[in-house]
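In what follows, structures are represented as structure tokens.
One chain, chain A, links the two complexes that follow: it is found with chain B in the first and with chain C in the second.
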Partner chain A sequence: MVELKEKISEVFRDTNLVICWREGFDPIHATPHFVREESQIEDSIFNLFCVHNLCVYLPFLKEKAGILVKGCDSRTLIQFLQEGLIRREDVVIIGISCRGIIDVGKLMREVLYEAVTGVSIDGDSIKVKTVSREREFQLTSLLADKCKICRYPNPLIYDHLIGEPVESKVSWDMAYEDIREFEKKPLEDRLSFWTKEIGKCIRCYACRNACPLCICRDRCIAETRDPHFTSQSVELKEKFMFHFIHAVHLAGRCVECGECERACPVGIPVKMMKKKINLEMKELFDYETGINVDDKPPMYTFKAEEEKIKEHEL
Partner chain B sequence: MPQESKKELRIIGFLCNWCSYGGADTAGVSRFKQPTDLRIVRVPCSGRVDPLFVVRAFLSGADGVLVSGCHPRDCHYSDGNYYARRRLEMLKRLLPFFGIDDRRFHYTWVSASEGERWQRVVTEFTKVIHGLGPLKIEEGEEIG
Partner chain C sequence: MRVGVFICHCGNNIAGTVDVQKVAEEMRKIPGVAYSTTYVYTCSEPGQNEIIEAIKKYKLDRVVVAACSPRMHELTFRKAVEKASLNRYFLEMANIREHISWVGDDKELNTQKAIDVVRMAVAKVMNNKPLFSSSFKLTKRVLVIGGGVAGMQAALDCADGGLDVVLVEKSPSIGGMMARLDKTFPTIDCSICILGPKMVDVAQNERIKLYAYSEIEDVKGYIGNYEVTIRKKATYVDWNKCTGCGLCMEKCPSKNAYDYFNFGIAPTRAINIPFPQAIPKKAKIDPNYCRYFLKGKCGVCAKICPTKAIDYDMKDELVKEDVGAIIVATGYSLMGVENFPEYGGGKYKDVITGIQYERILNASGPTGGHIKRPSDGKEPETVVFISCCGSRDKSVGIPYCSNFCCMYIAKQAILTKDHLPKSQSYVFYMDIRAPGKGYDEFTRRAQEEYGVRYIRGRVSKIYPRGEKLIVRGADTLLGIQVEVEADLVVLANAVISNPDAAKLAEKLRISYDTFGFYVESHPKLRPVETNTSGVFLAGACQGPKDIPASVSQGSAAASKVLALFSKDVLESDPQVSYVNPNVCVGCMKCVKTCPFGAIKEEELRDGRKVAKVIETVCAGCGICTSTCPCGAIQLQHFTDNQILAEVYAFASGK
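For the complex of A and B:
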């Protein structure tokens, strides 16, 4: 990772702030790292546990910053630029070609939540040492679900690139197969599926806080009294309302970085709802989020004659 | 047709002030017979209708939601209904994903002079909702 540190120090000379990762409290957790002093560059890392989408901090920064992005995260930046949430000259992008990251939840379940003391990665296998024993896994079995259907392993926008470009063989249809599969179920099954899943929600708003495109933050209508969209009641209906708010506000904006689902403490498939809307956006407006800086999000614009929207008859 | 024999269901209508609300008024003034299930909320423009209004209505106990505005090209504010069309179409396609029948939600365009068309829209939409019955979104079994 000499290259990484070199690039960071190069960018740091220019910006005085670089957002990257460092090792967390144990070897299988990384944590976001704000480099504000030269000495902190030494701590920066990039490995299979750098799961966070660091772009989440950018719209709130008041200064120029360097940032590390994986392929999926880079789409967030493009979406920010489309919506005018950041200025291109305020950000220096270090892109990383990524072969996928590890779903820490899966790994923790495999090692039965024992404390991990060491990890070594060798090719396609990973050795995990816990307090009581050492185990070896295939990397593919621990990859995050979003990485298995990743279509953009290489950053789509960057100033500096680290690593060799990675090829993805995943097509659009493969990436959205799960949604089409789910839609084949009868209506009642879909409702009972969401009743069960959303019923688990404790409305901690972790999904919202982790979402880089949820930029209302303190003014989020899920918490305001005026307008009063949701109440404090713990009913299922209020939980449904919150998830509808999250989904509808991300219509045509979600870049599917999967942070909502990763942050969810009770394992609700939050990303599925967003994927469904993205699928419709593609069908209706032939629009894909976070691909081209010059695109306009479909809900921000209109056409007098919509080709794909037909009048509904009763 | 009047649903006197059946139990009344709750249908919420979001009507734009300039066209559909006028259209509903025209229908009333002309004494066209209409079902009584619909409760109307007057909004300044169909572009004012946040898809979340519709969702909130469903979650607060509505069995059907109808949104109606000026015909495309006739918006009082020139482009409000174009934005509405995109948003509402998105919502109409999203609802069945959550298991809510998309026939429960309908959006259409009725002008102030189209009293007869308004009567037809309301009557037919009410018939559809009565066909589907009340919407049930209920708490599942206790978890954990």
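For the complex of A and C:
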């Protein structure tokens, strides 16, 4: 923690703004923290509850900033740089090697939504004190699903690095096994799965707002009526339309930070659609989002001939 | 809004399988449709007048014509509504002929589909906006790609019409395939004797700038204003110094270079001038065979050259030319002899292709015009010609006829008899196709006067016996198997498109068919135009063609360019993309995906960066509109809302 604060103040001297985390309303909720004054550095933290992908703020920031990123978040920065949404010289990156973060939802369910008054972590276990009792859990049982299949625990791009490198034993195939398994199901089952899941959507757009790559903001096609792709009605087809648009707009862009799914108040597995498209992108274009700054996103180029799409072959 | 709907019978073309009255009735039920009627030929003058009258009488402000493909008559009807003082983009066409009446014969289903399609057009036209074209200047220079007979004719005609011409030829000399031929059918006049003067005309014409041994690297721009990048390939000989004396070729020690001009029938030198009449008559080194390039030492040509023209360090050079129109005359290729293993092609030296035999017959060819077979140099007594090798053969993927083989076989058989009076020629054929002027008489003459024996049937197998080749085949007229002991077998190999035809088409943004031949705008009525305005076709790049047809097309393409350049300004097409700066979020995805470089970044006064379309460069392909996440960029006349209106009209069924 001392190292973290030292790094933040070092970067702060250069940028006058560092985006990091601080503790929220209780010990298990962190919240984004904009350090604009030296005195605010003291509040900064990094712990198992720093879930947010802070990169979401960057494309709209009109000033130079320091930013804290976990391994997964760092891919967002690379994707931003590939798409030209930020300039490298406008951002100072403090990377943090990460062992995974806790799915607060899982924890809340375990403690039956009681108010949490204290948390202490000891090695692989976590003690949670609520108003009525204290319980101990294995960390692995509370890890976010995305962390269990994390292939990039270490930042892929950074100016300063905090923490010892973490090894990942997850392969590409392991990371996408869930999608391949789901695809094996018959069409009817998949349709009824999505009908049920998308049916829950209340069109709050939390998934979109949390997504760092959703850059249309006020011009989002889900809310504008010109062009009139969706309407305000709560019909299932409108909900589907919104989610399809969201997924397609992220084709070859989604870095799987999982913020959409985390933000969803009704628990729709929205990341699945994006993972499916990423799988296709890998197979069709041999492209993985947010890995190398110099990669060209396939949807950001025009090629008369694609290597694996043989429409022009005689 | 007052929409008028005009349903065309097209004689019986549409009315035969679509209940046009019912379609018209259904349209009357749509709110906003003020008038709906049918007419027997809407494109006729009375038909057009009816539209004009109806616009005035019923105060129509939108018009839907349900008839043929907009490719046929959209312009006709646009002009008609314009005469009635409507903006031409308030016209929408519904294609109920090519898309409906011609493809289905169930009248009830066709009628229902027609109702859907016309209803969609009504929905779209209600969302149409008036559009206006602007005008732009044009560069009155023309690029001709390909220096064969078609390209040369086009270049000469354009130059005669007062245009500056840039002629780009891939090989070291102009002349193309015709320069390789010995005689031409049906007159048996010497090919190079009639082509030579034209080649000289091209060389001497001050208006024609010739780039030989050059290829098109890149084409930017649009009709009237193209910027073409030409790659001048390295010849390793300074052509400003080379006099074409041929000393280098004589002394070159590398004697086994592949002779592209002679289709490999005999080797040539690594440094060579392709043929005596070559224009430009300049030497060129083939680095695949040159000892200097392969082994790092030799330099004989550099020593012998009297003008010190050899430059081993020469590099490809890129030059840019501005032109206003492009004529594509890239010609064709031929299937190699190795593609016919059943005939021993590539295995038996005396099984050769028609064009190789042409070189043997030719006085400037490797045998000096004496017919000698490649294996042992003996004069053949029996020559067998096999027609349709590859052509009209679905099993090799070439269902089409190669057009001129029947004729050149007859010619070569006649010439064989002329050269070797004791020889006997046989022709295995599927059909004799000789529909041109004087053509049938010519093939008759081969049979009747020259005693060429035509056997209707296919050859199944060729195998050697001693010095002879046994040609076994069927005579389907007699219903028997035949065997001919041949000394030489000539295969009429199929005409195919150039291997890089598709690549060039992509650069020019013209369409090509599954065989790689370029597609004309209309097979009958627009035979030398492409669907890309400003790009024209001539010769066999569009499909197998003989010399008269290629020359006609060369002249036709030139006349199209001259007509185009008779205007001083051109009207731009307003059906291009437009960015609404209030909606654009500045992600610049469109800038990166535009294949034409037609979108640029623009900074607004408040410092916000947005995309902006350069109207004259935009080709209206619509890729940007599908990449824009927020719908800020819209293709005019095909906006999201216009297309959505059609989708809703179709999906809602009302």
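Basically, the second predicted complex is superposed on the first by the 308 of 314 C-alpha atoms of A that agree within 3 Å, B and C clash if a C-alpha of one lies under 4 Å from a C-alpha of the other, contacts with A are read in each partner's own complex, and residues count from 1 in each chain.
The definition used in the following text is that a contact is a pair of C-beta atoms (placed from the backbone, for glycine too) under 8 Å apart; a residue touches a chain by one contact, two chains touch by 3 or more.
This one's a predicted model, so the numbers in the text were calculated from it and none came from an experiment.
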After the chain A overlay, clash or fit between chain B and chain C? clash
Residue contacts on chain A - larger count, chain B or chain C: B
Could you say whether A:W194 touches chain B, chain C, both of them, or neither, answering first, second, both or neither? first
Once the shared chain is lined up, is A:F229 touching chain B (first), chain C (second), both, or neither of them? both
Between chain B and chain C, whom does A:C220 touch in the aligned arrangement: first, second, both, or neither? second
Touching A:F302, do we find chain B (first), chain C (second), both, or neither? both
With the two complexes superposed on chain A, say which partner A:G84 touches: chain B (first), chain C (second), both, or neither. second
Pick one for A:F240: touches chain B only (first), chain C only (second), both, or neither. first
In the overlaid three-chain picture, which partner chain does A:T31 touch, first (chain B) or second (chain C), both, or neither? neither
Residue by residue on chain A, keep only those touching chain B in one complex and chain C in the other, then list them. 221, 229, 299, 302, 304, 312, 314
For chain C, which residues are in contact with chain A within the complex? 497, 501-502, 506, 514-516, 583-585, 587-589, 592-595, 623, 627, 629-632, 634, 639-641, 644
What part of chain B is in contact with chain A in the complex they form? 51-52, 55-56, 59-60, 72-73, 79, 82-83, 85-87, 89-94, 96-101, 106-109, 121, 124-125, 128, 137-140, 143
Chain B-touching residues of chain A, taken from the complex the two chains share: 182-183, 187-196, 199-200, 221, 229, 235-238, 240-241, 244-245, 247-248, 251-252, 273, 276-277, 280-281, 284-285, 298-299, 302-304, 306, 309, 311-312, 314
Within their complex, state which residues of chain A touch chain C. 83-85, 215-217, 219-221, 224, 226-229, 249, 299-302, 304-305, 312, 314
